[in-house]
Every structure is written in C-alpha cells, then in structure tokens.
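Okay, so chain A shows up in both of these, paired with chain B first and chain C after.
Moving on, here comes the complex of A and B:
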C-alpha cells in the first residue's frame, strides 16, 4: 500500500454559491517520493494540500495516510496525527515571532509533552543539520528569509514525520536562496528518504521533484515522471 | 491540559515577551484592585477615627436634662424653669427595672485647678462610681472614684489627660498629690486618659471628677442634680423605655404629659445608630465603586485578550498546525488571562497595602496608632480569590474564540 492513497476525493466549499473545488481526486504517493503539485491559483491545489495535511476535511472518498484512514477525525485526533505524521513548511515561514529559533523548532515536541531538556537537545541537533547552530538564540526578525525557512524546515523535521508538506516554500525567497532551500529538500529526499510534497506554481521549483502532478479545475490533469529533471519548458507550456 | 512547570514557562514566555500587551491588559485589573483596597482601608480608618470620638461611651446610654416648659399645666405658666432632684434618681431606678445604671451628675464649669505654679482650666463633675459604666474611664494611673469615696465624702479626684499634662508637666504618677480646685484641695487618686469627644458636661480630657457627695456638700447643691444618666440592660432597646422615663419625670414635676420639650432625653443609641448607618452607606458605596472599577478592569482584560486573540490568529494557527489541540489553545489563553489578572491584582494589593502602611505611619503618634487603615488579611485573601475567578471569566470568551481558530487560518492570514 502506498504511503498516501487518495480515492475519489471530493470537496465542496459551502456558501452562497457552493464551490466544487476537488472533483474526484485519485492519487497515490509512495514512500520516499519527491512530488510537486502544480496548478494555477483556484485550481484546487491548496485545498488538496490542506486535505493531505489534515488541516481540512473532505466530503466524499477516502484518504489513507500510512495505512490510517483519515476521515471525520476529532480535532484532538487530527492534531495528534498532524503532530506526528506531517511536517509543514509554509510560504511565509510561519515562525512565532516572540520565540527564538530553537524555541520555534522545539514547539511541536512541546505539544507531544516531551521534557524541556530533551527537546532542546533534539532541536539543537536539527538546527545543526540546517547549519544554524549559531542562530539558535535569535528571534525570527533577526534572520534572513533563507535562514527563517531553514528554521521552519528544522521544525517540520523534528517530529520525524512520514511526509513533509511544503506550500510554496520558495514563494517569499529570492532565487539564490530558493535554490538553496530546494537543494536542502532534495538532499532530505535523497539521503534520508523523506517523502516530500511541494505545492508550487514555479516550474523551476517543480522541476526538482521526481514527479510533477498537474492539477487543473479540481481534477488531476497529468502526472509527469521527471527523473531527468530537464523539463523546464514542458512544465511551463502545460 | 497539563499544568506543570513546562506549561507555565510557555505561558510566562508569551506574556513576558509581549510586554506592552501584557502591561496594558493587566493595568485595568491592577487599578481596580488598587482602588478597591485603598477605599476599603481608607473607609475603615475613617470610621475608626470617627468612632474615636465616642470612645469609652456606653452605646445604650440616655441622658436626661431639664429645659424650660413649653406648655402651661396645672396652674403653671409655660416657660417655667424647673430642676431635677435626687428623688428623680430613685424614682426612675425604682419604676424602670429595665435600666442597668441610673446615676446623677452635678457639675461646675470654668474651674481653675492649681498645682504649685501650674494651673489649668477644668470642668468639675460630681459623679458616682457607677458613672464609670456610662463613660468608661481609661485609667492611666491610680483608680476611679469608688464607693468608699462616696460614703465618706472624701476630697479625692480623678483628672483628665489635659489637666494632668498641664498640672504635672514633668509626667510621672501624680496619685497621692494634692491639687487645688477653686480653693479646695483634693488628693489625686487617678488619671483618666479617655480622649473621646463625646462626653457629658465637658470633655473627659478637661474634667476633674470628684465624688458626688463631696461636691454636693462643698458647693451646696442640696438635692439638685444637673443631669441624669441611665443605661439600659443588655438586650433592652433604649428607645422603648424613654417614654416611661419621660412621663415619670413629667408627673413628678407637674409638667404637661404632652410637653416633650421640657424633659430632654438624648439617646446615644440613636446617635450611634446614625453613625452606624452612615458608615454602612459609605461601605456600600466603597464596595460598589471598588467592585465596579475591578469589574471594568476585568472587562478590559477580556476585551484586550479578544483583540490579542485576533492579532494572534497566525500564531494560534501555527500552533494548531503543528499539533496543538483546541483544548491546549483554550488552556493557554485561559492561563494567560488568569495569571495576568492574578499577578496584576496581587501587585495592586501590594501597592495599596504599602500606601496604607504609609498612611498608618503618618497617623501614629507617640507609638500609638490612632486608627487602623490597613485592610484586614481576610479581605485581601478574598480579593485574591475574586481575582482568580475574574481571570477565568475574563479569559473565557477570548479563549473560546481562540479555540475556533483553524490551522488553515495560519496560512490564509498573510
């Protein structure tokens, strides 16, 4: 069984005019894959990411994450699954401004109830991996965008999640740091076998992935194998 | 929610690292408690200062004294002067069994007391030992007039505080020394330190009390008396026996039973009652204003927390996204509110207690405290408990709102 299995997932936003956002998504993602999801705004890619991240519910269909059916969970269960199975990386980093880098990294462990000493040690380890040991005591507003995103990646990794979900991880970065951050993610995938899903609309970013999923108007349009990482233009055209 | 040191640190961090927000939030509660404690302490001190005026005075006393008649009766014209006599004492004592003490006073004003070179102006009172039950003396040296003094018509006296200070500027125990009052020598047997401002026939501090019988003889009072002081027995309402006392005296002196003006009765219970009611009213106002201010502070906390929760939508969203349960968020916001209110409130208590302590220091003379302004410990404890409850209530609404924040909101809100 694949790590992520979506079967005929539908999602409609209720409102004055109901919006059918996801129209029967079928998707399998294996463990250790590096996948990017591409699509125009309004295509439903953010909604798909929210469902994958257990941030949002879906109406019909099934979603299995590592063999567990993720459906109609209580808030408490959802929080626990998010905490242990999923690491989030956001476009705007979403670090807590009044916490230092190391405190931000250890926050998921705080919610696991790990002791202060142990989680500080672990957080320092992950910051070290990101090359940010010297920045542990700094607040987010004292760091550059690339550094902030690396802190966020450390925070995503610290619980050893099953998957990393990155929502436009380079959206707020310049091209040089974008490359650095994407290389970091690639390295995580190649060396640690981490399953990574990146949502983006930048083809350059998507090109780093092994598989590119194009989503259009709530359905999956095309799944591209991208082993050679050379389809810059083809991605742009589609 | 776990309540260990770790959770506490987490809450403290978010409070301390958002200092201005915490300060603004806590200030309302600080001010509320501060004002409440200050008002309660001040009210209590004021009351004690006022009560000082009635010091030593029995609260169920009635004083009877004659006035000009206002009605013609039994052939007498109106406007007649009349006087009470010793017989009235016996009459009232015999006919009103509800009374505890019935005692006469005779007095002379503007007497000059002399001890060597020192002189003092005094009012002289002829009293019986029972009078101590009406106006309790605060004996500093010696004793009060006793039954023996009365029986033997001894030339002894008890002097008030001012007289003592003027006649014996060197201080020390004056008992056994002799002072002259209008040419007659009396042996001082006691010093009365009572400083109450409400006293019969002159202030206690400026009074020289001598045995009733001695004074009657020395100044030829005969059977005349100036005042009649009575106190009621335990559990007897003074106002219920007053009409009987009045009618007994009216009958004995051929005064119209309708002539209330001729027989004056001062019921101290009534005066004490008025003061008591006054302070009940003041107390009520104090608590109303104090609690109102406190409540306004708590609502302020709630309000600012509400705004703060809105402001922290992203932060809370992040926390939710990385695994905080709604309960944990609720706990965090509530704890923040409780800690903020309790700490700010405690600070208010401490500062107000400090200020009241300074006031007390200023009110202390010769090491003797005039009135206690300090709030009682129980009141402070109650205020602290109240604060905790207010903290919970103030945090409730914002916490519930915070609980409603979805993790997706963290991403949407940029």
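Moving on, here comes the complex of A and C:
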C-alpha cells in the first residue's frame, strides 16, 4: 500500500454558488518520493494540499495516510495526526513571532507532552542540522527569510513525520535562497528518505522533484516522471 | 504548567498597557467588594458589641401603664411588679431557667476613708451575674450565702476605682450611712455615665426598701429554639402577669417585655440581609471588571487567530487552545484581584484605625459606629474563589471562539 492513497476524492465548497473544487482525485504517493504538485491558482492544488495535511475535510472518496483512513476526524484526532504524521512548511514561514527559534522548533513536541529538557535538546539537534545553532535564541524578526524557512523546516522535521508538505516554500524568498532551500529539501529526500510533497506554481521549483503532478480544474492531468530534472533548464529558458 | 505560565507571561508582556487597564477594573471591583464587606462587618460587630453585655436567651420584664380599663380599674394605672411575680414564673418552669429580681436603684455616695464617688446602688440576687454577663476583674460576685444572710457586701465597678484607687478589695465602704465590705470588682463600661454598685437583694430590701416591690425581673429561658416559640412563651407569660395585676390580658402597654432572643434573631437576620446586599453590590461592581477582561480576551483572540492557526497546524488540540485562553484570563483576574483585595484590606485597616476608633455620643452613652471593620480569612477565601470563577467566565466565550476557529481559516488571517 502506498504511503498516500487518494481514491475518487471530491470536495465542494458550499455557498451561494457551490464550487466543485476537486472532481474525483485519484493519487498514490509512495514512501520516499519527492513530488511536486503544479497548477494555476484556482486549480484546486491548495485544497488538495489542505486535505493531504488534514487541515480540511473532503466530501466523498477515501484518503489513506500510511494505512490510516483519514475521514470525518474530530478536531482532536486531526490535531494528533497532524502532529505526528505531517510536517508543514509554509510560504510565509508561519513562525510564532514572540518565540525564539528554538522555542518555535520545539512547539510540536510541547503538544506531544514531551518534557522541557528533552524537547529542548531535540530542538537544538535539529537546529544544528539546519546550521542554525547560533541563532537558537533569536526571534524570527531578527532572521533572514532563508533562516526563517530553515527554522520552519526544523520544526516540520522534529516530530519525524511521515510526510513533509510544503506550500510554496520559496514563494517569499529570493532566487538564491530558493535554490538553497530546495537543495535542502532534496537532500532530506535523498539522504533521509523523507517523503516530500511541494505545491508550487514555479516550474523551476517543481523541477527539483522526481515526479510532477499537474492539476487543472480539480482533476489530475499529466503526471511527469522527472528523474533527469531536465525541466529546470527549460523553465529557466521560459 | 511552567510552559503555560511562560505563554501567559509572554502574552501579558506583549500587551502591558491593555492588561493593566483591564486589571484596574478588576482590582477596583474587588477593592470595593472588600471595603463594603469590611464596613458591613464593622457595623455588625458594633451592633453585637453594643448589645454584648446581655445573655441572648434572656428577657427582662418591667411594669408599664395600662391603656385599657379592666376589672373595675380605669386605664392609666401604673403596674408595680412584686415578689409574687417571681412565684408566677414557677408556672413556666419548663421554659424559665433562672430568675433574678432587680430592686429599684438608689443613687448614693460611696465613701472609702477620705475618698468618695457617686454610684447607682442595686440589690441583685446571685443569678443576676449569670443573666447579665457581669465580668469580674477580681474577687467574687454576690453569692447565695450573702443573699441568705443579707450580708453587707458590695461589688464595685472598675469605673469607681478611678476615684477610690485600685486597692479596694476587702476594704470597708460606707453607703448612705451603712458600712459594706468590698468583695469584688467587675469590668464596668467606660462609657456609662454612672456605674452600678451591686449589693445582695436581701440586704437592699432589709435596709433600704422593706417592701415586696421589684423594679424589674430578668430571666433566662430554655427549650426555645425559634422566634415562634419565643413569641408564644413571651405572650403566655405576659398575659398571666397582666391577669395577676388586674389588667386586661390584651393590654399592650401594661407590661413591658424586652425579649433579647427575638431581638437577637431579628438582628442576625438583619445582619444576614446587610451582608447579602453588600455582596450583591460588590459583585455587580466586579461584573464590569469581568466584562472588561472578557472584552480584552476577545481582542486578544482576534489578534492571535493566525498564531492559533499555526499552533493547530502543528498539532495543538482545541482543548489546549481553550485552556491557554482561560488560564490567561484567570491569571489576569486573579493577579489584579489580589492587588485589589490587598488594597481593600489596607483600606479596612485604615478605616479601623480612624473611624473605628471613634465613638459617637448618643446622649446617655457612647457607641462605636464601626468596630473592627475588617474582613477575615473566610471572606478572603470566598473572594479568591469568586475571582477564579469570574476569570473562567470571562475567558470562556473568547476561549471557545479561539478553539473553534478552523486552522485553514486561521492561517489565512493576518
């Protein structure tokens, strides 16, 4: 069984004019894959990511994450699954401004009820991995965008999640930093075997992934195998 | 726990002025509550102490003046109590515990060696001290032997000692030409214009007033538990007294009865009502403070919606968000509540030292309007509970709002 299995997932936003956003999504993502999801705005890619991240629910179909059916969960259950199975990386970093880097990193462990000492130790380990040991005591507004995103990555990794979900992880970064962050994600995938899903509309970013899933008008279009990463050049040329 | 307080500390530190202003409202509410209750206690205490020298289950009976014609007598006749009325109480032996007659008093001058002081001399039986709470400083009160032998002994008040000097025990004093021996000194009321001097009832009757007349009767009763039984006893006894003195049993003014039991019950009720009223006023004042806290927490929740979204995305349960907000609300309420409580207690102490020490002259005696207007540990504990409940209520609505918000919506908010 694949790590992520979506079968005929439908999602409609109710309103004055009901909006059918996802129209029967079927998708399998294996453990250790590096996948990017591409699509124009309004294509449903953010909704798909929210469903994958258990931030939103869907109407019909099934979603299995590591063999667990994720459907009609209570807020409490959803929070517990998010905490243990999913690491989020956001476009705007989403660090808590009045907490230091290390406090931000250890926050998921706080919600697991881990002791102060242990989670501080673990958080320092992960910051060290990101090369941010010296910045542990700094607040987010004292750091550069790249540093903030690396803190966020450390926070996403600290619970050893099944998957990393990155929503436009380079959207707020300059091109040089973008490359650094994407290289970091690639390294995590290659060396630690972490399953990573990146949502983006930049083909350059998507090209880092091994598989590119194109989503259009709520259905999955083309799935490109991208082992050679040769879209990178074409993207640059474009 | 430590983490929770860390979060709360952060939140308060980030909004110092706002927290202080809100806290002031709570402090003010609790301050007023404590001041009100302290003043209430002061009034209650002074009422109690002004009636403190009487045993609470006692009644005192005086003769009055008839207002109805009866048995061939016209109205307007004075009723004089006498020895026979003491015998009458035996019919009520199931309720009457002790009876003590009091003679008409006589103003006299006490002469001891070369010193003199004026006093109001009263003949009383040994039971008197048990009914009227005579508190002895030294020596003893009139005892049954004195009464039987019509001994010439006297009990002085401490107020007499100002003129006679402290060394009076066992000394001989002369009152209206009769020599008495001082056997005891009781604590007299400093505020009394004239203090009583007690001699045995039999002695008084034998020397100064050889009649059966009694000025008044005091008695304690037993087996009476509520105001209804007390009234029944009072009515029954008063009717037989009136019948004995040839007055109309329904005459309201022929006999005067001062029932301290029912008076005390009424006073206790009045104090209870006063206390409840003060609590209500205090709590109503406090409510404005609580609404303030609630308001601030709502703003806080709104401002921190995005942060709560982040927390939820990384695994915060709704319950942990809920408890975070409520804990913050309780902390603010309790912290500033305690400041208010402390200031309120200081204010009560100041009141105690100033207004509490002042006695008001009401003509024949002086009373203190406020006695010990402070609050005790019980009120402090009640107020603490009140604060915690108030803080929880104040935080509940904002906390629920924060816990309910969906993570994706919260993440979208800025």
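List of remarks:
Here is the rule we go by: the second predicted complex is superposed on the first by the 231 of 238 C-alpha atoms of A that agree within 3 Å, B and C clash if a C-alpha of one lies under 4 Å from a C-alpha of the other, contacts with A are read in each partner's own complex, and residues count from 1 in each chain.
Just so we're on the same page, a contact is a pair of C-beta atoms (placed from the backbone, for glycine too) under 8 Å apart; a residue touches a chain by one contact, two chains touch by 3 or more.
Only a predicted model underlies this, so the values are computations on that prediction, with no experimental measurement involved.
The superposed arrangement places chain B and chain C in clashing positions on chain A. Residue contacts after overlaying the shared chain place A:225 against neither chain B nor chain C. Contact with both chain B and chain C is seen for A:56 once the two complexes are overlaid on the shared chain. Contact with both chain B and chain C is seen for A:90 once the two complexes are overlaid on the shared chain.
In the superposition on chain A, A:191 contacts neither chain B nor chain C.
In the superposition on chain A, the chain among chain B and chain C reaching more residues of chain A is B.
By the touch criterion stated above, A:82 is placed in contact with chain B and with chain C alike. Shared interface residues of chain A (contacting chain B in one complex, chain C in the other): 50, 53, 55-56, 75-76, 79-80, 82-84, 88, 90, 94-99, 107-108, 110-112, 116, 155, 159. Within the complex, the chain B residues that touch chain A are 2, 6, 9-10, 13-14, 17-18, 314-315, 317-328, 406-408, 410-411, 414.
Within the complex formed with chain A, the chain C residues making contact are 2-3, 10, 14, 306-307, 309-320, 406-408, 411.
The residues of chain A lying in touch with chain B in their complex are 46, 50, 53, 55-56, 75-76, 79-80, 82-84, 88, 90-92, 94-99, 103, 107-108, 110-113, 115-116, 155, 159, 167. Against chain C, in their complex, chain A makes its touches with residues 50, 53, 55-56, 75-76, 79-80, 82-84, 88, 90, 94-99, 107-108, 110-112, 116, 155, 159.
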